[in-house]
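Common to both upcoming complexes is chain A, partnered first by chain B, then by chain C.
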Partner chain A sequence: MTGYIVRRLLTTIPVLLGITFIVFAMVSLAPGDAISLMLGSETANVANVERLRRELGLDLPWYEQYLRYMKGLLTGDMGRSITYKRPVVDMIRERFNNTLILAASSTLFALVISLPLGIAAAYQRRSWIDYGASTLAMLGVSLPSFYLGLLLIIVFGLNLGWLPIRGMASRSASLGTYIRHLILPSVTLGSGLAGILTRLTRSSVLEALSQDYVRTARAKGVGERKVLYKHALRNALLPVTTTFGLQFGGLLGGAAIIETIFSWPGVGMLAVNAVKQRDIPLIQGTTLVFALGFVLVTLVVDILYVAIDPRIRYE
Partner chain B sequence: MSRDMSREEKTARSELAHLVKVFLRHRLGVVGLVMLSCFVLAAVFAPVVAPYDPLEMDLLNPFAPPGSPGHLLGTDNYGRDILSRLIHGSRISLLIGIVAVTIAAVLGSCLGLLAGYYGGWVDALVMRLVEVFYAFPFLILVIGVMAVLGPSIYNVMIVLGVVSWPLYARLVRAQVMALKSEDFVKAATAMGLSDARIMFRHILPNVLTPVIVSATLGIPGAILSSAALGFLGFGVQPPWPEWGAMVSEAKDFMLIDSNMIIWPGMCVFLVVLSFNFVGDAVRDALDPRLAKQLH
Partner chain C sequence: MSRRLLLAVVATLLVSLVALPATGVMQSPQKGGILRIAATTIQQLDPYKTAANDETNVIGLVFDPLVIIGKDGFEAKPHLAESWERPDDYTWIFHLRKGVYFQEGNAVFPKGARREVTADDVVYSINRFMNVSTAFTIGEVDEVKALDRYTVQITTPVPNPFLVDDPNRLASVGIVPKEAVEKLGEDGFAMNPIGSGPFILKSFAPDQSVVLERNPDYWLPVYLDGVEFVVIPDPTVQTMALTAGEVDVVPYIFNVDAMATLSRNPRLQMLSRGGSYRGIGFNVTTPPFDEFAVRDAISKAVDIDAAFNAVVAPHGERAYGQCPPWVPHGYDPSLKEIWKYDPKEAVEILNAAGFRDTNGDGILDRNGQPLKVEIKTTPGSQIRVLTILATQLRQIGIDASVLQQDVAVWADDVINGNTGVFFDLSFAGATGLHSLFHSSVIGMTNGHYYSNPEVDSLLDQALSTTDPEAIASNWKQAQRKIMEDRAALPLYFEWAYAIVSDKVHDFVPAWGGLHLVSLENNVWLSR
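The block that comes next holds the complex of A and B.
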């Protein structure tokens, strides 16, 4: 187990290097001069361009620039935002928890919906539960999240007036208010993941139920409840774990859209605003943070998988 | 020889007929195919089918409700006919979906072919690159690169394509590695054919089917992403009637008129839904054992 974890950790090193390199290279991808792009046409006179070029180290060869960039990252320096004139790290730190909360509650929503629904659908195949679950899953997978978000805003916010549609509750607000602000964004962000996981849970529970060990257990006279929960589910949920890890990236990408729609003050909205203002250091910072978050989640899921499934450990 | 060919052809044809039969048994698959055909027809014949020019404004007649005379789905804030904009929008969305997926499939297949055929450091390099691309949340990387390149319909296609190649590289690489030990490849090598010839003439045709299938299944994803980009304002720009951009324009008038939001979003949803229905049916047709187990 420890051996596996060490090996898995080692494989993330080249990935991390690759990520930082791509994020670093984003500046040089810009057509024409990145600097005049950042300054805008009015302020891009020769003196300003020269000053910013030196400030960003763009007069150095690319490998020295990369080394400088990496050195900065390791000391917690992601550069300064051009529009806000503040360290990118500070701006991300202020919003990081908000995105974490939104991602966590969306994940919770997706799991609470998809697991019971997928299991019930598999267990009562071709019943109304099964058809209902398939329909919901199809909706979740096919509805564009920005569209779902706006529909929910129109119905529950504007027409019925049940739920708040903008922003986050302040820290002094009661828990109830806090949760009410979370509902619409979390449902919107979690619905895609819920759809994918419902379909997957259903098919993998179905597959597990058709295995020999389930037939053996039933033949032995083990109760149905125990067959389902102890024998079938344990095996069925393994692929669900992996898929969850892989799909978490979709959730993070969706956060950029959902935070923008609901004015949720997180890293996703920061990224979208950075793109609107062409604030390249800020774009680099937010992209990097999202990638690191995703790498971390995949890492944890992989290690969890081995912890759950002893067969892999001995290979 | 010719008799063998015709027999082979016959089995191939009956196999295809069988696949079609299995597909047609899948009711939702047929529904999806019909819906999809409608969108494709609308896209191909857009200038003929659309009652108005999608960019033509009628400032005296904004926010007309659906069912108004001459405007089946009403008009938007500039009095432009919503139905005509949606019809022309299907052109943009389908085109982006198809081109983006083609770029991804061609790029990914070439890299996968090289990696699988040569192995060694080429393989290691390509696979590390695949891992790095997979480490980014897809949409975040797309937004970041779009930000640097600037919004335009061509950049949407290029960026969505370039960011999605790893899937195809993985797929092709695995197939090529399996095929490399087949007799026909060994024979080609023994005959002294060049690497390029072996790769593109002998191996590639054998891995094309799964690539085409997954590319087709990848189209709805590309359409969703391009709509999301359009919505955020980083994709196709107004006044072009891209569905995502239309939703984005409409959201400013949410309080006055929700009609403008409903239709373009519905179109994205219906196209993606019909692709998903068709995709499920195709998967069932190709893997009947699994289908029997799951349905």
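The block that comes next holds the complex of A and C.
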């Protein structure tokens, strides 16, 4: 198992290298750059902008810029933001925990909603619970998150005034305030995942319940509760876990939009700013963080497999 | 006193007595309270490394510039400099206010170890600004030197008439203490700015909030206990937060579409100051827009008044040139006479230039090429104006469309000349005309690729004199020439608004930095 984890961690290196290359090439070849944006302002200090362009090597062909960037990266230097003139690593460090907190609470929300709902829907198939769960799941999957976000802000923030409409509570705030600030963004970000997982849990549990081993268990006189939780659910969770791992990437991507709507000071909001400003070092840095997050979660999911299904061995 | 006069006086007194309590005028300022200001993004607070309005707003409260732009009119007023003089066209002398101190109680100036702001700080600051800022320039400078502890002299190789009156020049240079930059380092200073301004930085979490508290030693009384900048990146959510009372100020509303709803809210004040020039620019080197006839015909084919009235009015003014009313020179409404809406004549001009609908598709063509106008623009309310104008162009047989681009792509296309027709935007500082049309900045801020030696010479002359009459006259002549050449088609000046809760008093919208405490205003909150 340890060998497997080490091997998996090693394979992330070429993946991350590939991502840096693809992102760098895409941003460099796409129209628009940070220097043009600076020069586009009528008040620009043209001489200083040109000097900045030379200093940062932005006048070099993009592949040379990439090599310069990679050289820095290998020595642990993620470069400086062109627009904000600060070290990228500092800017990400300030925000990383915030994104992690949002992602974790959205995941928690998705799991807390989807697992019980999916199981109940499967167990009470074609009942009102089933139909209700399916409708909710459909809504969760199909409502665009930026729309749902604004809708929740208007209803719960403005009209009812129950929850704050923006931002993260400061560090000195009480836990209650902290959680109140977390609710709307987490629900918005987690609703898509909750929808997908509800549907998947329902179908997997349904499938498991029709398997021979469940019939056998019931024939042996095992109680319904035990049949459901011990026999059916454990098998049903395997596909749910896989999907969860894959969807987590989507969750991180969605964070970019949700963080902007809810003024959540995370890496996603920073990434949106970086793209708007064509700030290549900052785009690279934020993308790398997301990629790394995705790769690590997939790894964790693969390891969880073993715990869920003892037949699986990574040797 | 005649009986009639006496009656009038009594009546006036009675009316004022009844009206006063109802309108609640003349409340006296109250001390205390935290003013909450919405911001889109705040990443760093080094006053010379920013191009973002929100960062500039914070910086304007932590640092003191030599001058600030007065609230009425757009002229420089004393701030850290008590007065200034210009012994000749190349020399400026500033006399500093005595007894102004850098903020204490920080890593650089511990409590009780405050230090007075002196001429050496001004010299250091201006030099650092000139060296560091990519967003602004104060113009060419030969030397900045301290004549004594409280006197600074700036000499320039050519006259610099806008040095104090342009909001983006000296008014943008907050004075910084050298030892803070040196002790904290460039990156450290950007996170822990120390100035001499009315508010001291208490905490700063990038993209989350900036909390400032009153500087108890400030040289003017400060009514507010503090100021909090609340980061809300989404403009829609910013106005929602204002309506919900989560913030007191949204400092910039650039989109007039939002004004319609906000102006109906009786608890909000709409404060306007300056704005932006919005027009259609031509890249005069791209065929067929390199032909005067084509540009002239386009200018005659569009009913700008109708589009302006439908979309922008009352939040702006029709423009006939690039210089807006708030720039002290160059505003010239008489340019109206050179523009005409006459679609018939437009068609005749195009016909004479060889454009005819030869294949019966309703689009004019020449040598088999249809006459195509694609207006490249950034997102914003101007899109609706441009769409109306494009529809009018189609009516006379021009294949016109509006292409909405990401700001970075638009800027790149305009700068690199990858345009024919584009949305022309300028925040219209004192030298906007030069930035947009002088040949020396082609491929930089001049996206028109317009080069006219006569215009260059007029603009150069205007920038090398300090005589306001001569500046205005040269500026207006250059502007007229540019507009007669149809290098651009001015559409309108759109007002910029700050939206402020009705409990905020004496707020003056930012112009070259936000100032809540100055010789002209002192913001306070009613409870």
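Note that the second predicted complex is superposed on the first by the 253 of 315 C-alpha atoms of A that agree within 3 Å, B and C clash if a C-alpha of one lies under 4 Å from a C-alpha of the other, contacts with A are read in each partner's own complex, and residues count from 1 in each chain.
Simple rule for what comes next: contacts are C-beta pairs under 8 Å (C-beta built on N, C-alpha and C of every residue); 3 or more make two chains touch, one makes a residue touch a chain.
This is a predicted model, so every value here is computed, not measured.
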item	value
Partner chain in contact with A:Leu151 - chain B first, chain C second, else both or neither	first
Touching partner for A:Arg278 - first (chain B), second (chain C), both, neither	both
Touching partner for A:Leu252 - first (chain B), second (chain C), both, neither	first
Which of chain B and chain C A:Arg166 touches, first, second, both or neither	second
Touched partner set for A:Ser263, first chain B, second chain C, both or neither	second
Touching partner for A:Gly57 - first (chain B), second (chain C), both, neither	neither
Contacts of A:Pro239 with chain B and chain C, given as first, second, both or neither	neither
Partner chain(s) touched by A:Asp90 [first = chain B, second = chain C, both, neither]	second
Touching partner for A:Ala291 - first (chain B), second (chain C), both, neither	first
Chain C-contacting residues of chain A that also contact chain B	31, 34, 150, 153-154, 158, 260, 272, 276, 278
Residue numbers on chain C that touch chain A, as the complex places them	41, 43-44, 46, 49, 51, 131-137, 168, 187, 190, 205-209, 230-234, 236-237, 240-241, 243-244, 246, 406-416, 426-427, 429, 431-432, 435-436, 441, 444-445
List of chain A residues in touch with chain B within their complex	11, 14-15, 18-19, 22-23, 26-27, 29-31, 34, 138, 141-147, 150-151, 153-154, 158, 202-203, 206-207, 210, 249-254, 256-257, 260, 271-272, 274-276, 278, 280, 283-284, 286-287, 290-291, 294-295, 298
Complex contact set, residues of chain A against chain C	31-34, 36-49, 52, 81, 83-87, 90-91, 94-95, 150, 153-154, 157-158, 161, 164-168, 170, 260-263, 265, 269-270, 272-273, 276-278
Chain A partner contacts - residues on chain B that touch it in the complex	128-129, 131-132, 135-150, 220, 224, 227-228, 231-234, 244, 247, 251, 254-255, 258, 261, 265-266, 268-269, 272-273, 276, 293-294
